[in-house]
Amino acid sequence: MKNALIVNNLTLSVPSSKGRVTVVDDVSFDIPAGTKVGLVGESGSGKSLTAYSLMRLIKDPVRIDKGEIYIGDREILGMSMKEFRHMRGNDISMIYQDPMSALNPIMRIGAQIIESIQLHSDVNHSQARKLAIEHLASVGIPEPDRRIDSYPFEMSGGMLQRVVIAIALSGEPKVLIADEATTALDVTTQDRVLTLIDKLAAERGLSVLLITHDLGVAAQFSDEIMVMYAGKLVERGSVNQIFSNPVHPYTKALLDSRCDYTIDVTKPINSIAGQPPRPDNRPEGCVFSPRCEHVQLQCREGVPPLISVQDRLAACFRADELFHVGMVH
Amino acid sequence: MTSVATVTNVSRTFKGKTGVVHALDNVSFDLKQGHTLALVGESGSGKTTAARVLLGLDTPNSGSIEILGKTLGSLKHEELRLLRREIQVVQQDPFSQLNRRHSVERIISAPLIAFGIGDKGSRREQVIELLKSVGLEKEHLRRRPHELSGGQCQRVAIARALALDPKIVVLDEAVSALDVSVRAQVLNLLRRIQEERGLTYLFITHDLGVAHYMADEIAVMFRGRIVERGNRDDVFNKSRHHYTVGLLSSVPLATPSATKRSREQVQSLPSPGVNDACLYRSRCSVGLGREDCKSVPLQITQGSETHSWLCHSPVEHR
Amino acid sequence: MKFKSRFSFSGFLILLILGICLAAPILSPYDPNAIGVADSFSGPTGKHWFGADDLGRDLLSRILYGGRITILIAMSATLIALIIGTLWGLTAGVRRGWVDEFLMRTADATMAIPQILFALVCISAVGASVISLPIVVGILLSPTTARMARSAVVTELSSDYVVAAIASGTKRSRLIISEVMPNIAPQLLVQLSINAAAAVMLEATLSFIGLGIQPPNASWGTLMLQGYAKIWNTYWFVFFPAMAVTITILAFNAYGERIRVTMDSRRSSI
């Protein structure tokens, strides 16, 4: 299958009191066309910075030290900002946690959608307005011909996120990045917005990168899952592989520490001891080794590469062994 | 089972831009000694107002609140202050609930100082004890909030809430801002502390999973009303209110085997029916077609000793 | 996530100015009031670095001594503004309701009076002295301080840690002094700095229109007034005192700005 997005060896750093420290460390992945990939990680794992790199939104003091990003077959990190601006919205779009960050609070939403439509295609104002109403209808906004004249503050969070989705998709991009796009919403609203993204992706053959800290969201709305920890991609596989049979101890531990209404309430939750390392204090060897239950000497000495294990990718020296033995607490 | 706090028919309204908002609409619940009640609901359901009212930070328009035999509204300023020894709070934001200019020692000893307990030396001993009981070390004494992680800040907030050895702790979205792995640690800690000290928790959360894990009893709130209330099994396995069912089916589960739920139509984005007797009617698949849900005032149905709901046509279970 | 050195040029400059003024008796080459007719109207020379005035008084010495008066008045005025303004704002922000309404409307009203006019009336009534000038300037500066203090205190009072403090039984007096005050201190420091600059400016203005310290003593403003008449022939009469005022005001403003920026970046990095 053709890849809609390829990331090679992406490495990002920030300054700290100890000099520049790496926050995203040699991350490589691809997203096949028409696939929804969930990128899961805790705060500080580097998942959002990875997403921002795809939109070239990395700003000082964060720096891209290394890496290539291909959208379709064009490398974007090397091209001029002017060139890339044409790709934003037309080839790749992003929606954020706070819809207001993407909207102008004092402009009617219709004007904002029309502006975006006219930026991407050569239509006159009344045609664009018609299209805007269609877009609003397609994201499930009731009475779109009336709502188009609303201001952002007149709409709820879920509605605004729909408007942002309409704007993001108005240029008919191939890749959509959703960065914690439903985190701030109530569960029932989250469900509707995610279902909407699901439906639109299916209709338009979109490739989606769904960035979330919520394992449930990733499980329900992606085809494949990538897990990040402390700037590293530690495991990648299908939803089934990751959620029924993870091979990386971090993935396993993360799943065990979740608290949804299906878990056994009579026992304590299997939490991971300690906390994720700060970027200026990353351990030697495997980044997860200090908190890992299966740690061995080699884990502290060398950095495990992301390699193919049991039909998926995992960055753990013991992945294959743990798959066979099974990870039991 | 003795009740340590009873909230009876409490209403609280706010004047909003578009009229009067019923943050709490005739809400009643009680907290049983050593148990946990979870108030579950989405934003704007009134759960935080309920917490504020119970903490005496807000005054209801009507209804009564009794804590350990004392009626809140009748207390003088100083009496209310003294009652605060028995009811403490942990809030959502790990950082902002701690004074950013104070050290951990000063933050945790603040309640002790407020009630003139001990001298400087004995307070330090006590703070170190508290730190240990929440899984922190003596070395954290001198730190300031910004030098700690979110999970550590939350532990400090818990230690502060325990300083006066209260009977009741209100946990207002206390784990919502934490990452998955850290949240599990804090939840385990909260359960352990409850067991050790016989604490009573009021657990305010939007997260059904957390409520399920923490609470003996769960009250589901919707737009200022408690629409369903029962023990864990009642609410999660035998839910009667359509809102509870909808809420449960909206939670994405981290299991691939879970059959993808039959999802609502994308197009349905109902406008809230303000004048309906049942506030959920406009979103309810059953209520939409029923006239009584629109016009007949709701009464609490007591289905069993533990389970009650506010619905004319509850979900049937075989 | 920016790493800035602790050294601040503006802070250093302020200390330098204060130090020089304090040490005026040691640093001054001449008695500021000593008349030497031979040197009258002397331009800047090796003997008189900043020149001499119509009576042959050494301008450098007069500026150093004048600085003492200007700085003394400005400092006292700033302190008075800080005390009045903080109490004013705190009372409004803590009590709220009609007290707040009354105090803030009073602040608005005070700010609406033209400063110079107000000073003119007051000084004409009680006369200009090192006592009356700081009080008048301090009163003029206090409403802005009050507004700032009020808004800071209202913001802090609505924050989570205050809820936590109230819920753990902290008394109101303790809440304000021990919990809230440390958090609004940096903002007060910024205001202090802005006020100091404004006070220097006001003192200079008042002296310039003849409402300042009376001869033979002279503040920077008085020196400028004396030099102004002869600006076309003897520029140094007015130039050097004006420079002193400008540099001092810039230093105070820059210092305030610096604290504000550090404060903001610290807050956003948390």
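The chains carry the letters A, B and C, assigned in the order they are written, with residues numbered from 1 in each.
The definition used in the following text is that contacts are C-beta pairs under 8 Å (C-beta built on N, C-alpha and C of every residue); 3 or more make two chains touch, one makes a residue touch a chain.
Model, not experiment: these values are computed from the prediction.
Colleague: Going by the touch criterion at the top, tell me which pair is linked by more C-beta contacts: A-B or B-C.
Modeller: A-B
Colleague: Which chain is most remote from subunit A in terms of Cα centres?
Modeller: Looking at centroid distances, C is the chain farthest away.
Colleague: Once you find the CA centre of subunit B and the CA centre of subunit C, what distance in Å lies between them?
Modeller: 50
Colleague: Counting in whole Å, what is the centre-to-centre distance of subunit A and subunit B, each centre being its mean C-alpha position?
Modeller: 31
Colleague: Taking the touch rule as given, give the residues of subunit C at its contact with subunit B in the complex, in rising order.
Modeller: Residue positions touching the partner: 159-161, 163-171, 174, 179, 182-183, 269-270.
Colleague: Please give the residue numbers of subunit A that touch subunit B in the complex, ascending.
Modeller: Checking each residue of subunit A against subunit B gives 42-43, 140-142, 158-159, 186-192, 194-196, 199, 213-221, 239-240, 243-244, 253-255, 257-263, 265, 268-273, 275-276.
Colleague: Where on subunit B does subunit A make contact in their complex?
Modeller: Residues of subunit B touching subunit A: 42-43, 149-152, 179-185, 187-188, 191-192, 206-213, 232, 236, 246-258, 260, 263-264, 266-269, 271.
Colleague: Where on subunit B is subunit C touching in the complex?
Modeller: It is residues 55, 57, 81-82, 84-85, 87-89, 91-93, 95-102, 110-111, 113-115, 145-146, 157, 160-161, 163-164 of subunit B that touch subunit C.
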